[in-house]
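Read the structure below first, then the notes.
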Amino acid sequence: MDLLEYQGKQLLRSVGVPTPEGEAAATPEEARVAAERIGFPVAIKAQVQVGGRGKAGGIKVAANADEAEAHAAAILGMDIKGHVVRRLWVEEAADIAAEFYASFTIDRSAKRYLGMVSAEGGVEIEEVAARDPEAIAKVGVNPLVGLKDNAARALAFRGRIPAEHRKQVIAVLQKLYAAFVELDAELVEVNPLIANSRGEIVALDAKVTLDDNAEYRHKQVFEDFHEVFAVDPQEKLAKEKNLNYIKLQGEVGILGNGAGLVMSTLDVVAQAGGKAANFLDVGGGASADLIADSLEVVAGDPQVRSIFINIFGGITRGEEVAKGIVAALDRVEISQPIVVRLDGTNAEEGREILAGNPREGLHSSPTMLEAAAKAVELADAAG
Amino acid sequence: MDLLEYQGKQLLRSVGVPTPEGEAAATPEEARVAAERIGFPVAIKAQVQVGGRGKAGGIKVAANADEAEAHAAAILGMDIKGHVVRRLWVEEAADIAAEFYASFTIDRSAKRYLGMVSAEGGVEIEEVAARDPEAIAKVGVNPLVGLKDNAARALAFRGRIPAEHRKQVIAVLQKLYAAFVELDAELVEVNPLIANSRGEIVALDAKVTLDDNAEYRHKQVFEDFHEVFAVDPQEKLAKEKNLNYIKLQGEVGILGNGAGLVMSTLDVVAQAGGKAANFLDVGGGASADLIADSLEVVAGDPQVRSIFINIFGGITRGEEVAKGIVAALDRVEISQPIVVRLDGTNAEEGREILAGNPREGLHSSPTMLEAAAKAVELADAAG
Amino acid sequence: MAIYVDETTKVVVSGLTGREGQFHALRNRAYGTQVVAGVTPGKGGQDVEGIPVFDTIAEAVEVTGANTSMVFVPAPFAADACFEAADSGVELIVCITEGIPARDEAELYQYLRLRDIAMIGPNCPGVLSPGKANVGIMPTEIAAPGRVGLVSRSGTLTYQIVHELTQRGIGQSTCVGIGGDPFIGQFHIDVLRRFEADPETDMVVMVGEIGGDEEERAAEFIRDSMTKAVVGYVAGFEAPPGKKMGHAGAIISGSKGTAQAKAEALEAAGAKVGRNPTEVAEIVAGM
Amino acid sequence: MAIYVDETTKVVVSGLTGREGQFHALRNRAYGTQVVAGVTPGKGGQDVEGIPVFDTIAEAVEVTGANTSMVFVPAPFAADACFEAADSGVELIVCITEGIPARDEAELYQYLRLRDIAMIGPNCPGVLSPGKANVGIMPTEIAAPGRVGLVSRSGTLTYQIVHELTQRGIGQSTCVGIGGDPFIGQFHIDVLRRFEADPETDMVVMVGEIGGDEEERAAEFIRDSMTKAVVGYVAGFEAPPGKKMGHAGAIISGSKGTAQAKAEALEAAGAKVGRNPTEVAEIVAGM
C-alpha cells in the first residue's frame, strides 16, 4: 500500500523522526482553519500517490488565512498525472538550510535491503543518479543483521552529508531503518530530509509503501490508512470484492487464473492486434461466485467491448468456471460478447456446461491464440 | 555477574514473566513485616549465589508472623556451601500443580544459544540429565535469527510439557529468551517453572548471570544489583581496585600478567609441590601503581606465606613492574618473602631496578620453573 | 534421478491436516510420490489416510527419514515452518504458501544461505518430475516423462506450456515452479545450473516475467555456462510500470524489469525466445 | 608465504588514531608489515606518521588495496568495526579488543560464517609470521623465523613458549593467538588445518586452556587429519570450577572443560603434551 505523504509522516513521527507540524484537510475551509491553528507561513500540499506534484503546482505557501484558503481551493480537484487531489496536508512552512535524500528499500538483486543517502536532496533521486552517481551512497543491509552503526555512518559519509549534520542524520537513518523493518515497509523514502536553520534534521516529505502481505501484522495501521485511493470505479469495486484487478487502457476485458497466465493473455491480445482493458487474476481454485463477481467487474468497465476469459485449470476446476459464467449472465446484464478458453482440470465438463447454456455473444475457443484473435475481432466489430 | 534469586526475578517480572509477590529482607524483623504485608503462608528463602539451598535448609514456609520471624532468624547467617546468608526473599508460598525446567544459555560448542526445557523441574537438571537425557529438550538458537515460534514449540513438545500448559509455557519461553538477549545474559534459568492450580505458569526461582562485558549497556541494572557479594575480604579489596583476582586455597600468592600465563603459574607451583593462594592477572601494560595495588591485595591474605611474581613482558614493561614492586614495599609492610621472575620487554632494566633496591626476602629467579620451586620452598620454610 | 525430486524423495508435509495440504499431499501420493509424514503441532500421533502426523518436522524426519519438506501452512506461519524445516535435517524445502511478508522471506533467504539448503518458492506450484514424483500442486495429467526441463515463476502459465509440449509429444524431465515473490529460495539461475548438470535433461524451457533482474542474470549464465539449448519466454510485455501484476515480484520499477529487456537479454545470450506459449512449444518441437 | 599474514599482507587499522592503535600499528610497521591505512570516522584525510586515515574501512580498502583489517577500537564499538570490516572486502580480520559482549560476538561469528571471512580474536594478541609480518601486539624480539607453528588462546603464555623455543634455536613459521573469549573467529582447529596445509610448517605447538571443548575437537582433528606432529600444552590444572580465570572463555562449567580432560584428549590423539612451557620447548627440541 502506497501511503500518502501525511500518512507516512505520521508513522515516521511515531518512531521519533522529526516532522513539521501539520494537519490534513479535505476542503478550503478546513485548510484555512488548520493554517490558522498552525500559524503562518504554511505550506498547502496536495496529497497524491505520485511524484512531481511540486512541479505540477500541487504545493503552495500561504502567508495568511485568505491565501491558505485560496491555495487550497486551487489545489483541490487538480489532476496530477491522472491522480485527482482530494486531500491536502497543511503544515508549517519549512526553514530550509540544506536538503538531503534518504531511503530504505528492498534490493531484489542483492536479496537484502538497501539504504541510500545523498546530500543532494529535494530533486528526484533519478536525476541525481543520472548526473552524478557518486553523489548517492548505497549500502546493502543484511536483514538478519540489521543496520549496524558502521553502515549508517557509511551512508552519511559516502552520501557526503556535511560534518555538522552527520551525527543527527545518522540518528535519523537508524530511526528510518527501524520504521522500515517494524512497519514491514517496501519503501521508506524521505526527500527532502532537511536541515533547518537551527541545525535540526526534519523529514519534509515522506514516501512510505507498506507490504500488503504483512497487513495481518499491522491491522491498525492498515485500517487507519486504508482509504480507497483508486481513481477508477472498477478498481474500487474489485478491491471491495478482493479481486486482483488492474485497470488498463484497451478495449478487451481480461479474466484469467494465475498472474503469469493473465500477463501472457494481455500479451497475446496485443499480438492479435488488440489492447487489454484490464488485468484480472481470479487466483487458484476460484469458485463460481468469484468468477461471477469478476465477470461483473470486467463487464462494468464502459471501455470494454469484448471479454476474454482464459482459464487453464489446475486447482481451478473447469466446471466451476463455467457455472460462474452462467451465473453472472443470469445475475447481471452483460452487453459485451465473451470468448471463453477452458483447458486443464475438468475443462471438458466446463465446456459441456457452457454448451448446455447457449447465449448470444458467448463463444468458446479451443486455444489461447484463437481465443485472443476472436476477442479482438469482436471488440473491433463492436467499436 | 551472578544475580541473586530475587534480583533475577525482578528482571524477569519486568519483561512480563509472572513471578510470585515478594519482598527482600535483611533482618528477622524485616522478614516479619514483609510476611505480614504479603499474607500467609509465605516462603522465607535464603539469597545466595549457589544452588542446593533447599536441601541445606535455606527455604522454609511460615504460617504466621512469628514463624516467619523465627525462620528468618534461623536462615540468616547460615553457611551454605561457603556462602553466608545475609539476605532473604520473602514471597507468597506457591500453590504448585506441576514443576518444569526452562533455561537459555550460551552454547560454546555450537557457537550459538541453547534453550533447554523439561517437564521434570524442581530437581537439579544434571540429575534429570543423568537419569533420563530424553526428558530434556535442547534446541539451538542462531543469534542472528532469534527464537522462532517453531523453536519455542519444539522446546515445549520435546520437553514433554503437558498439552494443557503448552501454550502458556511457549509464551513464557519467548519472554525468557527476550530477557536473555536484551539483558546480555549468559544464563537465564527458571527451575522450577511451575503451573499453579489455576493453570498459570509462574517462575518460582530464577538464576540469572549477566555478561560483565556488557555492563556499559545496562548501567542501571548493574548499579542496582551490584553488591559486593564476595565473602573473601581480599576479593572485595581486589574488586574495589578493579583487579582480576580469585581467591584459592593454597599458600603461595601469585601475581602475573596474562590469564594464560597466570593459570600456567598456578600449575607450575603445584608441580613444584605447592599450592597457589590466588589467581591474579594484572593484565596488559600494567603501571607501577597497579602492580603495587596487586601486591598489597595478595600480601594481605593471611594464608599467603610466599609470593611469586611472574611477568613476561609484552605490552607490560619490566621496569614498570620492578618500580611497582619497590613502591609497594615502600608503601606497606609486606612480611612474606617474594620471588620475582621477569622476562620479555625491558626485563633487563627491571632486574637492574630490583638489584638496585635490595630488600630482605626479595628474590629474583631467571626462569619460571626455578622461581616456582623457590616460592614453594620459601612457603614451606615459613609454614 | 531427476533434479530436486524423484523416486527417492520422501516428503514431510507441514500443514497436512489443513484442507489444502491434505488435498494436495494425497494427490502427490496418488501420483506415486513418497509422502511419509505430516506435521501439525498438537496433532502428533494422528494420521491422515495412513500418513502419520508429528508435532515437529525434526521428529518426522527422525522417525520417517523424510528428506523433503513441503509447506502448506497459512502465510502468517509459513516462514516459521520453513525455518523449522531448515533446522530439521531435510535437504529441500518446497513452500507453496502465498502471501508471506517480504521481511520474513528476506530473513529466510539469508538463513537458508547459512544452512546451505535449497528452497523452491514460496508462492509457487512446486516441482514435478513426471513419472517420478510430484511435490506441490501442479496438475500431473498434462505432463509426460521426457527430456525437456522447464523452469518458471508462474503456475498456470507453466501448465499451459507443459500442456502444449505434451500435446506435441514432448515430455519433461522436471518442471520447476520457482514462485512469484521477490525473495524466493531458488532463482532461474539455480535451476538452470541443475538442469545443465542433469544427465536426463537435453534442453530447457525458461519462463520469466516482469520484475527484478533474475532473467538477465540467468541470461548471463546461459551465455557463459550452459551447453544445453534454452528456449525462453517472458510474460508481461503489456504490463504498465509501477503496478504489481498479481505476483508480489511482478512489477516494473521505473524502467527496470521490463519483459522487453528480459527477452532481449535471453536472445543476446543465444536462447530462442517464443512470443507466446504456443510459439515456445513450436520452437522446442522444431529443435 | 605463511598462514594468515606474510609479506603480501596490507593492513588497515580501525582505531589507528587511538593511543593503543597508533603504538602497535607503528610497531607493526617498524617490523616490516605493510600498514597501509587507518580508519577513524570523521578523521578521514588526516594521517598518522604517513599512514593515511579514512572515514570507513571500505574506502581504505578501495584506495589502498588493504586486505587485512586490524581492530583496536574500544569494546563498545569493536564488534561494529568487525562487521564493517567483513563488508569492506578484506580477507582477514584481526580483532585485538578485549571486553566485547558475548552477544555481539555470537552475532558476529554467525555473520562471518555467512561472509566466509576469517577473523582472529577478539581478545587476542594477533598473528606473527616471524621475519614476514606482525599484525597485533606480540613482542617480536622473542621470535625467530623457522618451521614450527604455534597456536594459542593466550597472550603472555604464548610469548613464554615462543621465547623458550627461540632460546633453544627453534624458529617459528607463524604464531597465532586466537583469543580467550567464548566466541572467537578462528578456533584451534581452524588454525591447525592451515598449518597442516602450510608447506613452511613442519610441526605445531598447540596451547590450550580450560573452558569449552575446542581442544577436544582439535584433538579429533589431529587424530583424523594431521600428518604433522603436534606438541600440546594446556593451562589451568589448578583452576577451580565455576570461576572465570581472567579470560571470559576460561571457565570450567560443572565437570566440563577441565585441563585434565583436554590434555588427555590431546595425548589420546597422538600429541605429546608438556606439563609446563619449558617442557613443551624441550619436547619440540627433542623431536
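Miscellaneous remarks
The first chain written gets the first letter, and so on, giving A, B, C and D; residue counts start at 1 in each chain.
In the analysis below, a contact is a pair of C-beta atoms (placed from the backbone, for glycine too) under 8 Å apart; a residue touches a chain by one contact, two chains touch by 3 or more.
Just so it is clear, the model here is predicted, and its values are computed rather than measured.
Relative to chain D, the chain whose mean Cα position lies farthest away is A. Between the interfaces B-C and B-D, more contacting C-beta pairs are found at B-D. Rounded to a whole number, the gap between the C-alpha centres of chain A and chain D is 53 angstrom. Mean C-alpha position of chain B lies 28 Å from that of chain D. Look at where the CA atoms of chain C average out and do the same for chain D: the two points lie 45 Å apart.
Multi-chain contact residues of chain D (touching two or more other chains): 107, 110-111, 114. Those residues of chain A in touch with two or more other chains are numbered 142, 144-145.
Taken together, the touching pairs cover every possible pairing of the chains. Across the complex, chain C meets chain D through its residues 110, 113-114. Partner chain A is touched in their complex by these residues of chain B: 144-145. In the complex of the two chains, the chain B residues touching chain D come out as 106, 108-109, 111-113, 126, 142-144, 181, 184, 186, 211, 213-214, 216-217, 244, 246, 248, 256-264, 266-271, 275-276, 279, 281, 284, 312-316, 343-345, 367-369.
Contacts from chain D toward chain B in the complex involve residues 75-76, 99-103, 106-107, 109-111, 125, 137-139, 141-142, 152-160, 163, 180, 182-183, 207, 209-214, 217, 235-240, 243, 245-250, 254, 259, 275-278.
Residues 41-42, 44, 55-59, 77, 80-81, 83-84, 87, 107, 111, 114 of chain C touch chain B in their complex.
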